[in-house]
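There are two complexes below, and they share chain A, which is joined by chain B in the first and by chain C in the second.
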Partner chain A sequence: MSEHRHRTRLLPLTAAMLMLGVIGRAILALPTTGDGLAVPMRAGAEASGIPNVITAVLLDFRGYDTLLEIAVLMLATVAVLSLREDPAALSRRIAGGAGPVLGTLTRALAPIMLLVAGHLVLVGSSGPGGAFQGGAVLGAAGILLMLSGYARPAWASRRAVRWVLAVGLIVFIGVALYPLLSGGTLLQYPPENRKDLILLVEALLTLSIGASLVSLFLASASSTEGGGRR
Partner chain B sequence: MLLDHLPALLVAVPLTGAALSFVAGHRRAPHVALVTAAAIVALAVALVARVLDAGPFRYAVGGWTAPLGIDLVADGASALFIVLTAIVGMGVTLYATAYFRTDDETAYGHGLFWTLWLFMWTSLNALFLTGDVFNVYVCLELVGISAVTLVTLSGGAEALRAGARYLYASMLGAMTYLLGVALLYASVGQLDMTILADTLTPDVTAATGLALMIAALVLKTALVPAHFWLPAAHGSAPSPVSAALSSLVVKGSYFVILRLMLYVIPVGYLGGTDVALGVLGSVAIVWGSVQALFQTRIKQLVAYSTVAQVGYLFLVFPLARLGADAFALAVTGVLVHAVSHGLAKAGLFLASGSLMSRFGHDRIDDMRGAARSAPVLTLTVALAGITMMGLPPSGGFGAKWLLVSSALAGGAWWWAAVLVAGGLLAAAYMFRLLAVLLADGDAVLGTPASAPRTEWVPLALAAAAVVLVAAVPLITDLASASNILIRAGVTP
Partner chain C sequence: MTSYLIYVAGGALLYALGTYGLLARRHLIHKVISANLMGSGVFLILIGLGNRAEGGPDPVPQAMVLTGIVVTVALTALGLAIIKRYYSATGLTNLDDEPPAGERP
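Entry: the complex of A and B
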């Protein structure tokens, strides 16, 4: 028995060491110079009018990747929703309400967090920021509101919330297909309103990403209720 | 004009359907899925016509061509896999309307089947069209998460365990693939498959990266010995999901291996990987068939049959190195095999699901006399069996004929021997199942849980696989319109 256990540990260890050796050799063999596509990316970003290279890559050059990643995020939310057995479990747990410290803190923090989320979206085109960062802050604000009892956790099963979760993806697809009407390709924003379209997509994505994060939190929290260790 | 945008629409339409089915609610979601499926079938047929007419074409998303942007590539091979997905997908959608009855309010997850299924369809189409190795990773994530969740929809401890195991295998595959792409990009600085094919020079980092990518995709395609997750996942999923997984999802990652091995990576760049894949494929054929022979539960038998049938897909790699004639025959043969197995296996899994709901259990030995009470389903199993065994005139026969011709044209009879042995082994496990179904006996049938009116769906799929041999000239035309054969400069 113990010998068997010994052997079952040895195999993964050997495999992991072997893998480490192979990857180590590949990394050591890397050339010390080489920028990949960084130089043409930077030149392209300046020409396209989006000075922040990261945003230019995410929403312009490789906007298709981002479109599918947004789909991944919504899919993950749907996946977790499909696994959840008892949508009302968390609301019962939180029904007791929050203590005075959390309540006061949430009242003070929530408006600021909303402001920060909006700011992150707006500055996304020129500096660090954008829908993912804004969505993360928005999601955190939502979770605080849930925990302190200001928002009702049962919301995730409502029809309207499904719209909030999906609106980012739906509008993104719509904006992606819009150029086809005027002879462009998928995601080829027309130059005259490219900035507005990108901002519109980013704003609604922020909303959906925030809602997704809150839903993921609620769903995962309800599944641990059975443990009873609080 | 619209035809130029077919690659974009084949991704955007199912993605829109997925998002809309989520907000439509569980009563209207099936209608959204049916409309979406019909639209995809039309687009897929248009893509085949377009590729046959004008050859392969590229589509620069966002107007940025590679290397800065992502190019979608539509060629004969991608058109073929997309039309296979469209046909099987339509069948699965129709069957699922009865399987996931929307009035069943207790099944919370069932209302989400349609959204998950359309996400999976989106990701398969995207995988067949992408020309960018990083974009493949994003597609693999979408396929993986949707497939794992669909497996767990049947509920119960067995499905959750199988789903968890599938999730770990899937994640390990995705992460290994991403690591491979990172190494490749660090070394070469390119992500577009065509540019990579033109610029790859011998380099240990790039070779390691590509080897990791191939290994990850082999895990996702469930080639022996990386098949450990497949039988449990495909066997315990809801039947429409089993059909889609066995028929389509393993083909998604396989398609990328096909493009990498025969289009991107120069001959000999990864040493003897092509022969090694062929040997593993041969082992899979024998091992999967023998396992299928000893299964006592019907869906486990069908799942192990998939392990065996996946093996054939990997014989193309050693065969493709045996000269121009063998190359063209092997690629055409493996495309015919992919389509015929896709159709037959979807039919077989859906029929098994209907048999299970008719009998109320999945024990093969207690299904005696099914032929009398469920003749349509028994006929479906028989027709699917004809294709699996490779009997004439089925698509399976056409595939094996082409592959054997390829082996003989290349002077390597031993691969032909593997093909013949695989046919015999498939006959063994299919006859075992059929013998029980056709035996005299008074099967006690419960009330069918799924509507019998959907039983013609698996029959149509299995019958399509049998008459597929008539479509071999069409598939040959598509093969010669594939970038793999065009780049190699050979015509079938």
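Entry: the complex of A and C
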């Protein structure tokens, strides 16, 4: 038994040490200073009218990465939704109901979280913030509401939720493909309304990311009544 | 200025720890946590290396890490959903054991 255990631990330990060695060797071979792409990126961000260089990299210079990343997130959401055991998982109350303290706190917090999410998207072009940060806050607000016993409101039908999930990716693909019609390249924003287009894509991405985070969380909620065992 | 090496070394250690966990642990949720640990190690290495620039951090690795975090969220959620479905189908939490007789669907 102990010999078997010993043997099963030896391979993982060797693999881990090997990885550590390879990474360490690669890191030490790099120069200790280097600007990378910092200088051209900053200059490009200034020129494109998006002072927050991270947002400029995400949605402009490396927009293709972000487009595929949203596609990955949507694909995972679709997969998780189709794996769920309880088809009503997205609309059922997952907790018996919040007590007076949690209920009041959630009612007070939810509008503030919506405000913060919107603010993060709007300031994202010039300061810290952006679609992912806004989407994370939006998703957290939704999960908090669901955990406090608020069910999905009646006006948010399944179809509406699916559209919210998909709209970010659809509009992003549309904006990416549009320049091809006029002989441009993929994701080449027209210079005169580059900032507006990026803000539009970011706002819709925020909605989709928030909705997908809530869906990912709720789809795996336990199917037993009242939350039950997780 | 080699303070970035602290972060890079920490990231490499996290990555190695994750590799070990992914291979040595049998419980599937432990494997998902290990994969997350490996991802966090890569993020730490990228952020650390981006800090070698003199005029402030390189924004490209930061944007790549932001992208990576979202992909990790998708990976984790999908992994957990598959594990949950596997558990309710077989009653097992690892890939090695045989399901109890008569419980195979």
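The working rule: the second predicted complex is superposed on the first by the 210 of 230 C-alpha atoms of A that agree within 3 Å, B and C clash if a C-alpha of one lies under 4 Å from a C-alpha of the other, contacts with A are read in each partner's own complex, and residues count from 1 in each chain.
Note that in this section a contact is a pair of C-beta atoms (placed from the backbone, for glycine too) under 8 Å apart; a residue touches a chain by one contact, two chains touch by 3 or more.
For clarity, every value in this text was computed on a predicted model and none was experimentally measured.
In the superposed model, A:186 lies in contact with chain B only, and not with chain C.
Residue contacts after overlaying the shared chain place A:60 against chain B, while chain C stays out of touching range.
Legend: residue contacts after superposition of the two complexes on their common chain; A:37 is shown touching both chain B and chain C. When both complexes are overlaid on chain A, the residue A:176 reaches chain B alone and has no touch with chain C. Of the two partner chains placed by superposition, only chain C is touched by A:132; chain B is not. Overlap of the chain B and chain C interfaces on chain A: residues 23, 27, 30-31, 34-37, 41, 62, 65, 69, 72, 75-76, 79, 83-85. Against chain A, in their complex, chain C makes its touches with residues 1-2, 5, 8-9, 12-13, 15-17, 19-24, 45, 49-50, 52-64, 66-67, 69-71, 73-75, 77-78, 80-82, 84-85, 88. In the complex of the two chains, the chain A residues touching chain C come out as 8-9, 11-13, 15-17, 19-20, 23-24, 27, 30-39, 41-42, 45, 53-54, 56-58, 62, 65-66, 69, 72-73, 75-77, 79-80, 83-85, 130, 132, 209, 213, 216-217, 219-220. Only residues 22-23, 25-27, 29-31, 34-37, 40-41, 44, 60-65, 67-69, 71-72, 74-76, 78-79, 81-85, 87, 159, 162-163, 165-166, 169-170, 173, 176-177, 180, 183-189 of chain A touch chain B when the two sit together in their complex.
Chain contact summary for the complex, chain B toward chain A: residues 1, 5, 8, 12, 15-16, 18-20, 22-23, 25, 59-64, 67-70, 108-109, 112, 115-116, 119, 122-123, 126, 134-135, 138-139, 141-142, 145-146, 148-149, 152-153, 179, 183, 185-187, 189-191, 203-205, 208-209.
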